[in-house]
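Dropping the structures in below, format is structure tokens.
The two complexes that follow have chain A in common; it is paired with chain B in the first and with chain C in the second.
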Partner chain A sequence: MKVLVTVKEVANVADDFEIEGLTIPEQFLEYDLNEWDDYAVEAAVQIAEDRDEDVEVVAVTVGPERSEETVRMALAKGVDRAVRVWDDTLAEAALVGPTAMARVLAAVAEAEDPDLVLSGVQAADDGFGATGVALAEHLEYAWAAVVNDLELDDETASVRRELEGGVEELTSVPLPAVLTIQTGINDPRYASLRGIRQAQRKELDVRTLADLGLDPAVLDDDLTLTGLARPESESDATLFEGSAADTADDLETVLRDAGVSAE
Partner chain B sequence: MLDYVALEADLDQEERLIRDTAREFVDEEVRPDIGEHFLDGTFPRELVTEMGELGFYAPNLDGYGLPNVSERAYGLLMQELEAGDSGVRSMASVQGALVMYPIHAFGTPDQKERWLPALGRGEAVGCFGLTEPEHGSNPSSMATTAERDGDGYRLSGSKTWITNAPIADVAVVWARDRSAEGSPVRGFLVETDRDGVTTQAIHEKLSLRASITGEIGLSNAWVPEEDVLDVEGMKGPLSCLTQARYGIAWGAVGAARNCFETAREYATEREQFGRPIGSFQLQQEKLAEMATRITTAQLLAHRLADLKARGDLRPQQVSMAKRNNVRMAREESRRAREMLGGNGITADYPPMRHLANMETVYTYEGTHDIHSLILGEDLTGLSAFE
Partner chain C sequence: MSDGDVLAVAEHRRGELRPVSYELIAAGRDLAADLGGDLHVAVIGGDVDSFAERVNRAGADVVHTVDEGEEFNHDVYAAATTALFEAVDPSVLLLPNSVNGLDYAPAVATRLSIPLVSDAVDLTVADDLVVTRETYGSKVETTVEATTPAAVTIRDAEWPSVEDPGDATVEPFTVDIDAPSIRSTVRGFEEVGAGDVDIGEAEFIVSVGRGIDEEANLELVEELADALDATLAASRPIVDNGWLPKNRQVGQSGAVVTPKVYLALGISGAVQHVAGMKGAETIIAVNTDPDAPIFDIADYGVVGDLFEVVPELIERFES
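Presenting the complex of A and B:
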């Protein structure tokens, strides 16, 4: 069995940051493995550990050389090998939206021919939340989104999906399938020092779009980035200071003014 | 965390991953409860196996399932652990540098096979008995004895100030072998459940409270010949201490960095007279001094790593770093505490906990003063204590 995990290095923005045109300058950014993908990696590694048959876990990422550190961390946690896709075309793209990203990932998935693809529900930075499902569409795989429990047999993934309003759905998905993994499905491990050492020797292939047989036009997308702005804060917080009796009086005034009344 | 001259920018990828893993581990597994453990005087016992699973014990050693990481990576690990608490770093130091190191360096193949994998995984806990109630800075005057008896030795005496003694499965005990000529110091792997071996916890400590400390009593305790380490003389215990002090020199920087970051954050958020206290010159001078002294200590630690990696590190150089860096952490944790005002004396913030811990670290593994004398001897060729 082969499991493909899509991972993304996401940018975390500092508390105080500036916007320059359509980007946030590097000095305000720190990079880390996308939180959701950490759960997807753990789910994949647990499948490999729990099943009797040999399971190969392959990670795929689309990102610059810097993102190899994030991928190595996944290798240190038990992923067997990794593929990183990058070239000048990707580097120069202003935005790679979920459709374009899914096309690139699909080319890797077609070459790998996995039984199961695990992706995080969404990325912590751009938050599109659509890449996994779009990938399933390209591959013509079955899919289930926002999975928070997973049982696997040879032909089916039995999953629990998180719906709106605290409702959960139990469903079976025939393999091959793409599942987008929700946080909380497991307890992601720390990489052990031994794992970190072994990860340095694991295969990490770098491919260009051309290597994957893709034309630069795969990145053409209806989606364009037109602006980047910090949302205006519309709420005003009022801080009451003083004794409990005084602040209770203050609060009462506010509540009455707002039309809240016990009479 | 403060890295003012970007020393960590030069780490290799493996070292960065190890630092990041250790930092995340401390953030998630140590930091949330460590203040409570300090107040209660308890050690977070679940960390023993968790740290073992991650390979935090003697990771710079090779074989027996040990990761064999670089000396710098090992230092970074100690630095991150002590940024959590000196008690957690002490656990890793004792297990790795004081118990696994001597077994690795002086143990027989059987001893290594028996103990290193189990200690490495945290399934067994070790401790190190050198100091005695009447023999501290001068350990070579130790009164604990070993006497030949059949296929083994009988040990008598008492050892104290031992991290983890009450929970240890095995103690590395140093004793004078009276059956050999000149009564050389020898090392014994003493299982704590042997007849004649007792351990007792030392309570009511005001420092290193999130750490278990105790004594070992040896009353004619018999140890078989196969549990004797293959080393004679004070170089046995002293070589272990050099390993552990290397980790302390790194760890102290971690504790100080945690204090610095706490003080910096506090100074930028806490407002008095209508502005953050960090905008006042008196507070800025404190931060500037802390950052400078932390950075110079950090430089020393990184340089030791280079020397250790190429086999050129001398024990006296480790003494200088332990002496300097712990003094630095002791003073800077106090400065950070001061910047936090009344909040600084609570367990809600780490500086006073680090400050209290540093009182222990300042005088264990060679007191500050003894390290001065080691340096004095090295610099003049004249010993002040022999």
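Presenting the complex of A and C:
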């Protein structure tokens, strides 16, 4: 059995960031493995550990060289090998929409021919929440979105989909399938020192769009990034300033006025 | 560009239309007016006749009913929406950015080879369709232009709910769905997250987020909740980590709370969290990041470290 996990290195913006044109300068960005993908990696590694047969877990990312650090974290946690897709065309794209990103990932998946693809519900930066299901459609695989529980047999994935308002949907999909993994589905491990050492020796292939047989035009998904801005503050909050003691005094007044612990 | 029509697909679950259905009508009729076309609304599955009556609200020109199945099944929705799209030939396909919307919208857009922009908070028409969305945990507002036809999913509660009755014509629509294309089987539903406390009933809530850093630090906020005689609740990461049980989670996939006071400590204010607490009478936030979106909905705020403010507060309320 083969499991493919899609992992994205996401950027968080620092508390005091600035915007220049259509980008946020590097010094305001901190990079990390996307939280949702961390759970997907754990789910994949657990499948490999729990099943009697041999399970190969392959990670795929579309990202610059810097993202290898993130991919190595996945390798350190037990992923067997990884593929990173990058080239000038990707580097120059200001925005790759979810269906186009899915097309790129699909080219890797077609070459790998996995039984199961795990991706995250959403990427913390762009937050399209759409790439996994688009990938399933490109591959003509079955799928399930927002999965917070997974049981697998040779033919079927039985999942719980987390709907709104504390309701879960119990669904079965036949393999091969793409599942988008929700946080909380498991307890992601930390990489061990041994794992980190081993990760350095694991295979990490780099591919261009051309290597994957893709025309650069796959990125032309008719989406154009035209603006990046700090949102106008809608806040009409009264902000208390000063020392912790001063602000606590102010909060005390608000709380007592609202009836908290009124004696 | 097609003829300027908009096709919106309503959402229902377990016999009830979900509120976003009426918000789709608001978003859709503005868009149709700008594009010079009609608003088509579709209801797929369930009691389609009664759903059709209910979505027949001001601005809807045609309501299409697809009588296939009871509950949401993404294979049925994807097939029906694709067929409707081909029949109506709209400029914009509008779907909800709900858990189920995200379970079929990307497949439909891919199948139709049209661009998809998800989680829209604003929509306008220039030469192209201009979509505003939030990125980087709502700290950045991004504008994306899409050529039409395009698919867009809209965020909950960003558009008003259309309440006035409409005079749309209702047209049954039949799709040929071949059995093998239905791959997923929905086996049922389960309510989760019940337990010892019902935070939905609480009058005062002290709620804690990832800013608490470590499980051991929870003691501090527990102490504050005790001192204030308040109920302890949390954002999702705290529950995902197993530090508090699921019934303490506030938000889209947790509980909706409407207390007199909601004190948010180290919570950024992600849209899925806000969905569960925006109805609180008084919202107070303590957060080190002045740009944290929680301050947009707070009535009172302290830009500061919860580890400094909370001990001071405990001192003032401890009896």
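Keep this in mind: the second predicted complex is superposed on the first by the 238 of 263 C-alpha atoms of A that agree within 3 Å, B and C clash if a C-alpha of one lies under 4 Å from a C-alpha of the other, contacts with A are read in each partner's own complex, and residues count from 1 in each chain.
Note that in this section a residue touches a chain if its C-beta (ideal position, glycine included) is under 8 Å from a C-beta of that chain, and two chains touch if they have at least 3 such contacts.
Just so you know, these numbers come straight off a predicted model, no measurement behind them.
**Q** Pick one for A:Arg194: touches chain B only (first), chain C only (second), both, or neither.
**A** first
**Q** Using the superposition on chain A described above, determine whether A:Pro25 touches chain B (first), chain C (second), both, or neither.
**A** In the superposition, A:Pro25 contacts neither chain B nor chain C.
**Q** On the A-aligned overlay, A:Pro64 touches which partner chain: chain B = first, chain C = second, or both, or neither?
**A** Neither partner.
**Q** Name the contact category of A:Ala258: first (chain B only), second (chain C only), both, or neither.
**A** Only chain C; A:Ala258 stays clear of chain B.
**Q** With both complexes superposed on chain A, which partner does A:Ala76 reach: first (chain B), second (chain C), both or neither?
**A** first
**Q** Of chain B and chain C, which one touches more residues of chain A?
**A** In the superposed model, C touches more residues of chain A.
**Q** Which residues of chain C touch chain A once you look at their complex with the stated criterion?
**A** For this pair, the touching residues of chain C are 13, 74, 97-100, 102-107, 109-111, 114-119, 128, 130, 133-147, 150, 183-193, 203-204, 227-230, 236-237, 239-242, 246, 252-256, 260-261, 263, 275, 281-282, 284-285, 288-291, 293, 295-305, 308-309, 312-313, 315-317.
**Q** Along chain B, where are the residues that touch chain A in the complex?
**A** The contact residues of chain B facing chain A are 13-14, 16-18, 20-21, 24-25, 53-56, 59, 65, 67-69, 73, 77.
**Q** For a test of understanding, state which residues of chain A touch chain C in their complex under the given definition.
**A** Result: residues 11-13, 15-17, 19, 24, 95, 97-99, 102, 121, 124-134, 136-138, 142-146, 160-174, 183-184, 187, 221-231, 233-235, 237-241, 244-245, 247-252, 254-255, 258-261 of chain A touch chain C.
**Q** Can you tell me which positions in chain A touch chain B when the two form their complex?
**A** It comes out as residues 68-69, 72-73, 76, 190-194, 196-197, 199-200.
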